[in-house]
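Labels for the chains are A, B, C, D and E, by order of writing; each one numbers its residues from 1.
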Amino acid sequence: MLVLIGGILLVIIGIWAMLARKNIIRIVIGFSIVDTGIHLIIVAVGYIQNATAPIIDSAVPFEKTATDGIKLASKVVDPVPSALVLTAIVIGLAVTALLLSFTIRLFKVNGSLNIDDYEELKW
Amino acid sequence: METLYKELKQYFDVDEFSVQKASLAFLRVPKSQLVSLLTHMKDIRGYTHLVMVTCVDYLEQDSFLLTYLLHNYSTHCDLGIQVSISRQNPVMDGIHHLWEQGRVYQRELFEMFGIDFPGSPDVHEPMILEGWQGPPPMRRDFDTKAYSEATYSHRPRDHKEPEEYMKQQLYPED
Amino acid sequence: MNLAYKIFWAFISLGVVTVWGLTLNGIVHKIFARVQGRLGPPVWQPFLDIIKNNSIRTAISHGVMFYLGPVFRIAGGIGTYMFIPVLFGSVYFSNFSMSGDVLLVMYFIFFGQLGMALGAGEGGHPYSAIAVSRGLAQMTAFEVPFALSVISLALQYKTLSITEIVAAQQGSFLNWTLFTNPLAVIAAMIAMLGMNMYNPFSLVIAPQEIPIGPPTEYQASFLGLLATNRGIFGGAKLVLFMNLYFGGATNLVELIVKTFWIYMLSVFVGAAYPRFRTEDSIRFFLKYPTALGIISVLLFSL
Amino acid sequence: MVNPLVIIAMFLGAVFLIALLDKIGRSLSMTLMFMVLTASCIMSVWQITQLFGNSGAATDYITAGFRAPLSIVLRFGFLEAILVLILNLLGMLGAIYLGKEFCEQGAKPIALYLTAILGATGLILTRDIFNTFVFLEILSIATYALIAIKQDKNSLAAGIKYMLAGGLSSSLFLVGVVFAYRFTGTLNIDVWLGMPQVPKAGYQVAVFLVAMGLFIELKPFPANGWALDLYQSAHSGLGAIISSVNTAALLYVFYKVIPLFSPTLLAVITGAGLASFILANLVALRQQNAKRLLGYSSTSQTGLIIFAMGAMLQLKVPSELSLMVVFGLLITNLLAKSGLFWLSGIMQSQGLKSWADLRHSGSPAVHFALFIIALAALPPFPAFFAKWQLVQLLGATKAWVWLAGLLLGSLLEIVYLFRWLGQVFSRENEPKPLYIDALKLVPLLGVSVLLVGLSLLLGRFHPELDISAIYPVLAFILIGALDFLPARLKGLLLIGITGYWAWFGLLPSLPLMGQVFVLILVGGSIAQIFGFMRYQRAAEGMFPSLALMVFAMGNLVVAGTKLEFFMAWELMTLGSYFLVLRGKNGRFPALSYMVFSSLGAYLLLAALAMIPNTFKGYPLLIQTAFIPMGEIAGLLALLAFLIKLGAVGLHYWLPGAYSEADDESSSILSSVLSKAGVFGLMLVLLMFLGKISGNSISMVSLGWIGVATAFFGALMAVFQEDAKRLLAYSSMSQMGYIIAGFSLMSHLGWVSAVYLAINHLLFKALIFMAMAGVFLRTGTRNMYEMGGLIKKMPIAFISVLMGIIAVSGVPPLSGFGSKWFIYTSLIEQGRVLQAALAFFSSAISFLYLYKLIHTVFLGQAKPQLSNVKEAPIWLIIPQAIFIMAIMAISVFPNLITKPLSLAVGDFIAKPEWLSWDGYNMVLASPWLKGNWNGNLVMLVTMGVFMTPLIWLILVNAKAQKVKQFNIVYAAERPYKPWTTHVAYNMFAHYDKALGFLVKPRITGFYNGVAEWTHSFASTLSRLYTGNGQTYLLHIFLYMIFLYSLLGVN
Amino acid sequence: MSDIEIKDNPDIKSELQTPPEPGYSEWRKDENTLYNDGLPEEEKDWFCDARPQKARKSVQVIENFLNWARSQSLWILAFGTGCGAIELRPLVTSRYDISRLGMQPRPTPRQANLIMIGGYVSIKTLKRIVRSYEQMQGPKFVVAVCSCAINGGMYWDSYNTVKRIDEYIPVDVYVTGCMPRPEAVLAGFNKLKELIKAGKAEGQNLYIERFDWYKENQKKVIKDWNMPDYNW
């Protein structure tokens, strides 16, 4: 639960950074924070109180049922969100990297990192 | 009128002032000052109406005397401003910029007296005398009778004494 | 009655109306002269003028349409007359009125005017075109009360056929449209003032502004035809109005008396009034006469 | 059967290989790319054929050996295969387009490009929601990176904005996915769909987040500033890919998840889609930059498709139908939009005006027109059918608000699309030469061929269309392909095929009334095609449009189904639009014509949606009696046709369209095309026959509209100085009488209306053709610049003379018949005041007619026109035809009155009191008696004309012929023909008296509407400040707004 | 009525000056065409260049009848050429009322038969008179009123007034007086009527017969010609 709240907090902080900061790098950082927050949320969603890690070995007894394949006997943490988080982290990383590389190029072309300086296209 | 003349005297070289009656006077001005005097009269003295522009041919003095007759609507006075120009070089400054109708007078003066007004619109266009080829007819050195006899044929006079003829017509029995 | 007879009698009737129309013209000039304290020309003066105009030895023409203009004009006059029954009940004086009804007559009136306007237009004289434009403008205006009054008649008699309209008015003079539908008659009579082009509606001829108007360039026998048409066309219009509003005529005497008095209305008004300007004339026609016409139409449609 | 994994694997492998191969040679990597794309195309085609052969074949493929909930499932069904095929085809064409950039920049962009295609393909194939997210990110990241192809400030800045917004929306999506998983325990969409609704609020939020993530990615208005900037600045090849491939893939994902939405969410999303459609179109009105305009258009189209999806789901439309609609819209948008983006790359400048350079560029211009028309959802393109279907569905389910919004948005779309088209094709802007890379034309050709092929297939096999429905298109293509031929050849060809078709194809299948209208619409056109043959050279673009219009008009009469009718109507509008646009100053008139026509068409569309479908193969004329039409539908349809007829108040477009086209086109437009409106009006009234009597308030009001049109049209014609405008207003006036005639709903009234229609065709075409010759020879349309042409152009004069006698209704020509009919029918029905106003109008017509003939042919000839000679024979042929026709029906009126009475008798029985006695037409109704013997009138007139003529010739044969200045001029002589010719402002006095009636109020009103709309659009467009943060804020606010709507609901 | 002098013009003229033998002068192209040299080149297209031809008379009996009709319907061109034109006003109004003689003023020369030269004729006026006269359709008649029109009158030595109008257009009747009273003018009209009835008022044909002579005279004084040689 704490993780969930922390995640949401991070998202909010990140969004605030994205909306209120003028420096593109800071915006990117804000974006990263949002990302991280979301990752935390995902993990939090999958977490089940007092459950074990979702590794199927002897620590987790299971029985086979006729209909549903495998039926876990005891509580394990849902493994799917954890798997998702891994993918999401990779993707977030890629996006952040791209953002930063664009920022660098932009700085090289125009010499400014203030987002207000890039308003030529409008209306 | 007298006071007017005195006042004008301060600014212009006017002379030969003559009063015809209480509301009509003439004065003479040098050729160079005419337009400025007319402007003065029109803009300051209230002589806003150009009654006419006319010309007299002084053959003996070898000059044309132009008369610009102005009228003042508030005092109902007329003032004739005369200017004498040479017959040899009959050129005068136009006043059509002061009074639009001035150009008509100027056309007429050119046609009848040969006085040129450079810059006046259509001043060389024929006005009354379409296709006139002789000298300006109103100049005194133009002999109209000779011209007429040379140009137009005359009906030979079928001579009858009016008194006798009428008697014959009216009272043939007498 | 076979066609040859028909044509023969049509010519006779045409002759009658020509003579009567021209005489009326003469009378009008006489009356105008008397009003102005003059003796005036003899009553037969229009005939003399026509002879004189036809006897002019030279003539000019501005082109084919100019040449045909007067022909159109008089064809319009004769045609209009041909489509009107002259005497009620007479097989001889019914012309070719079986060709159509009052709508035909109303539109055939334009035939001559259009042709004349075109001919005058080819003459190239500005007065012609100005006069035509005035005349057409005024025409649009006075046609409104006239059309309204004809519609009112159509509602009243439930027919557009002139013969039947006349038939419905027979009997007593109280059966005349004049008494059964006075508003329509008033509207139509005002429209007729415009049609006849006497003062105050003499916009087309307007001697002081656009002398003579459309026929400015016309002369000689062209003018002769136009003058003849004045008689025929004037007569035709009078016969039409007589048929529509004054009970028609059963014999020539009645015809002459009625048309004379119908015509006198225009003449008296014309002798007494100065001229309208074009736009005033249009406004005039579109106000009171139109209102009268609308009222008369509404009265009969309710 | 193809395992879709193979495709994905192939792409992935290629991406990695390219990095290596590029070291060896650029061409190798390019080849590999094309090979991969081709292979995936072939695979999808194969899949399609397989599925065709075996409908029960499995389409789902599971990965990793697990069953659905646990593993990722890919589906490679029919729909997916088609989409993959199209995306890959587009990808291939896009790659060709980007070839140069790829060659220069090497492996990276090629690999990225392939990755992007992979992402899109994956998005289509996957059935797993998280996998969707992954593919979405693959697509996005590849796209982000591709932006860097073009390394300038704007492009990079737009990239950053795009990435931030994209990242944000994918974050939303991710959160939504995770929460949804939390509540449903599955990531598989199919399983998810199979579940009952979870009532928890949290679940709703999750679905909302998923929806929003996707929705924001689809760039809805107004949360789409970043996308617009990107479209404007990015490389146009990339723009094409984003707007087509990305959008299509995302839309398909949206299509997959949309059944998950709760009804409220569905309603909100549908509404948001519609709002996006309308508002993006509105903002686009003010846009001057082509690429940004395309961006707006993309937004609007996406909005439309989302709206269509949502609306149809909401209305519980069968999924096949809704698929057809969505697919039609989507595919048209895909192809046309990518084509337009590619075109924008060809242009040097993005200002809309500079696009005029396209005009002489040959095929790109054709492509451009094609794309614009396709985008505007006009026939024969798939979007047309889709929109038709959508409207029918909305109408059938009485979703009036949706319908109205849809049509409003479409109208706005028409405005800017056709304004753009006008900029390109109008002869107002002078084009500069354009240098085009031949390679870049390949993709354009590709999409064009795809579009046209699809359209023709669709038109051919559409269940509601007969084969004849695509004849206009085929004729257009045929003549268009032969457009290089000289005009005369094309004209002959057109006359040949039209005549053959009309004689053998149209006439036999029609009732008498239909034949009459075929005679008017097609016959009248054929006679006038001769006039078009006057051009020495090819007269590019004229004949194809003409063919399109003429065939469409023919189709209008034979149309059996609603769709056939509407398609013919739209094709006719399109053909005539091009004719107007071809005029020298045709840009604005063509636009206003198109906008008003489209307004009419949409009203008609709405009306058609309200009536049940009709039967194929039987002309509507026959079916009308069985079609129940509601009052509102009737009103809408009536309004539509009144717009076409130019009824007063709706005539804004009329003077421009009829006067600014080429002269011959004006002739055909005002004489023939207007009759299409008459036909439509008649159809509508046919449906009300027997239900509404001529004395009902509605019909009396229609009559008043008619006579008011006649009156104001005539009055406005009086004050024109431009001969064509004068004639245009005169047409309007005549249409007024026709409306009044139809409004009587009586036998006589209808006979008079159709008689008027035929008569108007004859004399208006006659006058227009004659005047076309005059304009051609004098080079001006201002009447006061002409004069005295009677001697130079006597044939034209005779034509105009005949024409004006026929217009004005002076006996003995046929015009009087029309007047007689209209007055008698009006009075007979008791419409007396209308008759009086009609009479006034017809008197006013004398004014403008005299002005026309006097100022042009009479009066003083001008020296600059001294070399004028008679018009070419091609213009005289139609005149001769029409003169003969007028004379024939004037001398023998029975030729026309009797057939018309029979034709009308099929619908309204001929009353006993209307009869013929030889040539004498006798009317003996209890309310009115009258008669008209046209033949006798003609004979008498001839007689009374010839008699004085003979006399005059006898007396005055040798009249001296004089010249124009031999006039009496108050003892002076005239000096200038200009000042001696009474022409300019000829009816100044009339203006003083009645001019106050024709102050341009209607025009002012519509101009005001246009101005207000534009300023509103302008205000709205200020939303897009260009600041990336603002855009992010927009996204948040938009989300909150939509969520609050959910709450309200 | 006794203070008037009526002259039958053609007789006077023949004794005064013999017109030249028929022959082609320089402005006459051929028998039927005129050069119209007075016009600028670009205006020649706008004017008719035909030469007027002598009009034929009908059979004598018919011609007598027509002459009578002509004499009974004289339409005056209402064109005030000089101070004598003022006499037309009393003539048409109630005091003298020429309309009882079948005469009426006509505002266009096309329709008029009679032009009244109302006094002195300046060169400028002469040009208009010639033009108007030529625009009238024949038979057409000229009545010259006032002594100025006869011999110049008080303008006998004027540089700009012609003294004999009959050198420029054929005059049928002169009415002397300065100015003649309306009665005198009326008497002039009556004399004209007698001439017409007698078939002697053939001024139109005279003009055409001596066309070259008239033209030469006109061109001698009208320097600013600027019109066609014959104003149709």
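By definition in this document, a residue touches a chain if its C-beta (ideal position, glycine included) is under 8 Å from a C-beta of that chain, and two chains touch if they have at least 3 such contacts.
Values in this document were obtained by computation on a predicted structure and should not be read as measured data.
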item	value
Graph separation of chain A and chain D (steps between touching chains)	1
Neighbouring chains shared between chain B and chain D, ordered by label	E
Chain of greatest Cα-centre distance to chain D	B
Contact-richer chain pair (by C-beta pairs counted) among C-D and C-E	C-D
Chain whose mean Cα position lies farthest from chain C	A
Most central chain, Cα average position	D
Rounded Å distance, chain D centre to chain E centre (Cα mean)	73
Between chain B and chain A, distance of the C-alpha-averaged centres to the nearest whole Å	108
Between chain E and chain B, distance of the C-alpha-averaged centres to the nearest whole Å	36
Euclidean distance of C-alpha centroids - chain B vs chain C, Å	58
Set of chain A residues in contact with two or more other chains	none
Interface hub residues of chain D, defined as touching at least two other chains	960-962, 964-966, 968
Contacts with two or more other chains, residues of chain E listed in rising order	108, 110, 232
Every chain pair meeting the contact rule	A-D, B-E, C-D, C-E, D-E
Parts of chain D lying in touch with chain A, wherever the complex brings them together	67, 70, 130, 133-134, 137, 140-141, 144-145, 147-148, 151-154, 156-161, 163-164, 166-168, 170-171, 174-175, 177-179, 181-182, 187, 225, 228-229, 232-233, 286-287, 292, 1021-1022, 1024-1029, 1032-1033, 1036
Touching residues on chain C, where the partner in the complex is chain E	29, 33, 36-42, 45, 48-49, 51-52, 55-60, 207, 211-212, 215-220, 223
Residues on chain E engaged by chain D in the complex (per definition of touch)	42-43, 45-48, 50, 79, 108-110, 128-129, 131-132, 135, 226-228, 231-232
Chain D - residues contacting chain E, complex	863, 866, 960-966, 968, 971-973, 977
Chain B residues within the chain E interface of the complex	126, 128-134, 137, 142, 144-145, 147-149, 151-157, 166, 169-170
